[in-house]
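Chain IDs A, B and C follow the sequence of writing; residue 1 opens each chain.
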Amino acid sequence: MAREKLILHPDRFFDTSPKVNKIAKELYASVKNTPILSPHGHVNPVIFSDPNYKFGNPAELFIIPDHYLFRMLYSQGIPMESLGVPRIDGGPVETDPKKIWKTFADNFYLYRGTPTGIWFEYGLKEVFNIKYRLCAETAMGIYSEIDEKLKSPEFSPRALYKKFNIELLATTDAATDTLEHHKKIRDSGWNGRIIPTFRPDGVIDLSDKNWKNNIEVLAGFSKITITDYSSYINAIKNRRQYFKAMGATAADIVALYPVTEELPQQEADRIFKKALSEGASQEETNRFTAHIIMEMVRLSVEDGLVMQFHVGCYRNHNREVFEKFGPDKGCDMPLSIEFTKSLQPLLNKYGNNPGFSIICFTLDETNYSRELAPLAGHYPAMKVGPAWWFHDSINGMQRYRQQVIETAGLYNTTGFVDDTRAFLSIPARHDLSRRIDANWIAGLVAKNIITMNDGFEMIQDTAYRLAKKAYRL
Amino acid sequence: MAREKLILHPDRFFDTSPKVNKIAKELYASVKNTPILSPHGHVNPVIFSDPNYKFGNPAELFIIPDHYLFRMLYSQGIPMESLGVPRIDGGPVETDPKKIWKTFADNFYLYRGTPTGIWFEYGLKEVFNIKYRLCAETAMGIYSEIDEKLKSPEFSPRALYKKFNIELLATTDAATDTLEHHKKIRDSGWNGRIIPTFRPDGVIDLSDKNWKNNIEVLAGFSKITITDYSSYINAIKNRRQYFKAMGATAADIVALYPVTEELPQQEADRIFKKALSEGASQEETNRFTAHIIMEMVRLSVEDGLVMQFHVGCYRNHNREVFEKFGPDKGCDMPLSIEFTKSLQPLLNKYGNNPGFSIICFTLDETNYSRELAPLAGHYPAMKVGPAWWFHDSINGMQRYRQQVIETAGLYNTTGFVDDTRAFLSIPARHDLSRRIDANWIAGLVAKNIITMNDGFEMIQDTAYRLAKKAYRL
Amino acid sequence: MAREKLILHPDRFFDTSPKVNKIAKELYASVKNTPILSPHGHVNPVIFSDPNYKFGNPAELFIIPDHYLFRMLYSQGIPMESLGVPRIDGGPVETDPKKIWKTFADNFYLYRGTPTGIWFEYGLKEVFNIKYRLCAETAMGIYSEIDEKLKSPEFSPRALYKKFNIELLATTDAATDTLEHHKKIRDSGWNGRIIPTFRPDGVIDLSDKNWKNNIEVLAGFSKITITDYSSYINAIKNRRQYFKAMGATAADIVALYPVTEELPQQEADRIFKKALSEGASQEETNRFTAHIIMEMVRLSVEDGLVMQFHVGCYRNHNREVFEKFGPDKGCDMPLSIEFTKSLQPLLNKYGNNPGFSIICFTLDETNYSRELAPLAGHYPAMKVGPAWWFHDSINGMQRYRQQVIETAGLYNTTGFVDDTRAFLSIPARHDLSRRIDANWIAGLVAKNIITMNDGFEMIQDTAYRLAKKAYRL
């Protein structure tokens, strides 16, 4: 690879048809500077609670915490140790950030045509104003340039939050989280809006190995003695209230499969108690999950928290990596998912209630046209979340638009919602999605499927208004 | 929304590439005036049996009976009552058609980019010559204009049948239907061709709550005392003969899953009798369904009725709506479907018979390239039906072409077949499909995959000839 | 059909957008003359072992052995007998090659828009320099022209191998194959590189009706008395060594489903012995299959043979055709497949080993973005094979690129690998795939997703380098 200028072409990602290209540019221009709403993600709030927080070196910022990036390197036989990914047992890993950076740079060709590559280059150019593409030759120069900049106050998270034009950023937080950083942020008087999201996995998944411990913590925080199913639900309600008080507008429910089925209260109580004492069987755990999803809906109906529903991800598929490095190391794999039958109990009980809102996410794209769009195109309570995770990409977003909108309509979707641990990638992701949506809508206009007036409305909807409404921001 | 002119652009839906666009126009022009064959649908024959039949007001014509339209409004929290959809219990619903129309118009933006929106605007412009797009401001003016026109003889169903250039229209009729309207139409000497289709759900689905009653009606009509499986099949044969005598060329078999498996005659007889007396179990019902599909094929082989096979639709998913408003209210949802193993017994017994014809429809698009195209590309008896229901849309038809034709070949498909209760949408649907097919074929020509001569043949095939052949019209 | 010139347009299959078209041409030009690697296929090595081998007449060359071709004719009701496909019972079939050719020519319109049609016309023009398209009128002239040419030495398989610019061609051979033709080829001193591939179906699939017999042959060839599981595995190892000595770099493992699960050695031994004596049950056969896949991986880790893994094909779906004509008659049908859970045991045991290489093929395209790309984008040992069989087509390859690369990256795929019995179609298939890849990459360049420099690297990778690396050639 020879040294190449790093250029972000102003028309990038748009169709080359002059007619579509021109309209896409106009539509994109109309939302380029629209504020960013980020109502779902995994940024650590600690970076905002300390006004003087500094990101570490370039390897710490870009590579070590980003499983999108290092999974690709790992897939090509590069050990995670050599990328500085910390081992659970504290065993030796590469500690020289420059070596880690060099390994990444040497292999940057692997990201050709991937969203990861696109986001990374956006960050290089738009955030750090780097002049050349990353390669073996340019690696260390770019390292130094970024390293230098990261030390300046302009590159503090709070400064970048403003620079990125973010209006709201939601984190995702365990039911047992103290939300201390959210509290600090609120108390600091800073005018950024960082809100928590209630994610109760740890206390509703009976198979979580820390479940009992989490129940104790939950009891402690809620000051409710948990002895049975009823006190358990009360404790959860209590926590949801706390999250709401701290600004949360949504909960995030995660399950392997979207199977829903209400248990008789007595049976839920029995399984809960068994889980607390001797532990629940696999079969009981599954039935409890199907039930607790219904309960989480019931609580959402009561307290108004929007219910995000993320299903179909087999976590920690690679046991060796999980045991050595822990979760979130690029080893989560999608599963084939069924919604029509699975969600029927939930939708029959709560789906006709326009005051309730459930946003469904899937990694199985066959659900788009077969199940999610038809369901969301009918049930008042249901919305289809955007192309998620692996599918938050150019082709992924295009497939989503082509397979969802004709049946669900645009207004039963949520517009773009990013989902990342990497704060720096947020503007890159929104820029990409706005471009792809502008291009999609431009295609509709150019083919006379919609009018240009409709197009301008739709691009505002996808970039901002739909998320604002769906997440009740 | 400001008032906008309603324009149907002459090149609408075609690619913007000048090369493709030009060819698409030529191909479309060659079939624009080709007569319409509509060999499958759900138009009520009563509108043709009375020469002076008048459609009601605009709400009765466009909104109240069209679940494509009102499901979108309902999904956004608009009660069906406010749209005038009649309740089973006769409870109060909106009766002012102007109010209903206004609600629809106020929310017409919901249909942006949907086929429903496209069909509706086609009707406005091409049938009623409306000048402006529907919105809050134009709503009542458009209402009056349509309402006025509907009173004139030019807008009677028979007049529109001619205006739409329809050559044949098939209805779908229960095995227990008297076909009285078809008889009246034939007796009237009118030269429109309205034929029935034999759809025996009510008498072959043991789980239908009216099944026993339907069997009695069947016995009455066929004048065959039904006491066992053999007399039951004879009665069905008798009805098929009647339908044939009334012009039918096809039967329509509907099942949740395409599972087929012949039972020993004795076992079929046992289950049938049990269903008649105490009722069949769920498991027996499923096995009977797998068997009766095979029997329907056997009868088709005997009497030559083409067998349409519509599977994978979970009817009346929303129990509350079903109980309040009945079936066909936008609550039918697609299921994940398997054909390769399920159809093997059927195809092994009858699939090599070129004298038999089975046309398969699915709502699970993963079947296209994985199962339907490979099967239809081999078995002489099998054809792939067109993109169905939710997928009878711009992107849906494009996905169909891209996923079916390379493996099945065009000549193992049926060309376009609409499927609607809404008589007025028929020309809109054919116009859309002819445009999408012209555009698809133009792409093949422009990329030198086929020649222009081939293209002209193919567009005639998709618009007319394939359906004529497949349905034996 | 009137007589039409047969023209292979130099820009065929490229987008009509001038920008993409121009770049595609440049990219394609850079690999047009790159040597062909064909590391997987089903060409009979006998055609190379005899230096003077002559192909038969045009029907014998193009139609009778090519199930891609005749399945389409059969699907339209043309009996295989009339196409000269030999019956197992030796019963009468058409023997006049001219009649067979005429039937094919009369129906050549069936292949419009299919890859089969494209490959065939490429052969006509590029190999035989035919001037007109095949149709009823031109049929016999073309027949004579081809028939004449086939008699000349320029059209011997060895001469064509050179003309086609093939660098390597792998055959697929049973574990019980003598590889005598491979030996002859090597001994002949001819400098073509024809290598075998170890495909052990016959000895690892307990449901194969010749299994016991195959085990005897295996014992004979390996000179190992097979009495238990351990001696059985040793015999297989022995054969793998022989294949390696004859040039093999890969094994090819085939299974209905990719389910993997290691059995305790004792249990494997028990089932193996039971299979040898009284026969294994269906359930035992399935468990043995899940186990033996793991064993084949273990052996690959030991001996370095790359493991191809072809799953999801229901062979000989049409029993009547199978009984009359045998296997490979166009009756193999795809199944719905699950990889994430099924492959977990395999990937957990061997997937982190960068010294092992498993290449996965599927006929279920839903696996691309849902499972194969996420898995290959993480596990060092896993690669995604190219669009296979029915999907080795223009749209099929485009869907593959769009659904795999963003998540897996290009470098966890193998580039193009053809898969055919029809030697003459090999250059046609590579030409098509190079064009489709050039066009795909051109789209990335034109939309500024990658740079032109990246594009030139990627087209070399897809056309040649990735296959060379993945198959260790």
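Structure notes:
Here is the rule we go by: a residue touches a chain if its C-beta (ideal position, glycine included) is under 8 Å from a C-beta of that chain, and two chains touch if they have at least 3 such contacts.
In this text the structure is predicted, and so the values were computed from the model without any measurement.
Although chain A and chain B share one sequence, what matters here is the overlap of their interface residues, and that overlap falls short of half of the numbers used. The angle of the rotation superposing chain A on chain C, based on CA atoms and rounded to the nearest 5, is 120 degrees.
For the pair chain A and chain B, the distance between C-alpha centroids works out to 40 Å. Residue numbers of chain C whose C-beta contacts span two or more other chains: 17, 366.
Of all residues in chain B, those touching chain A in their complex are 1-2, 4, 7-9, 11-17, 71-72, 74-77, 109-115, 118, 133, 314, 317-321, 330-331, 333-336, 363-366, 390-391, 393-396, 399. The residues of chain B lying in touch with chain C in their complex are 17, 19-20, 338, 340-341, 344, 347-348, 351-352, 354, 366, 369-371, 373-380, 382, 402-403, 405-412, 443-444, 446-451, 453-454, 457-458.
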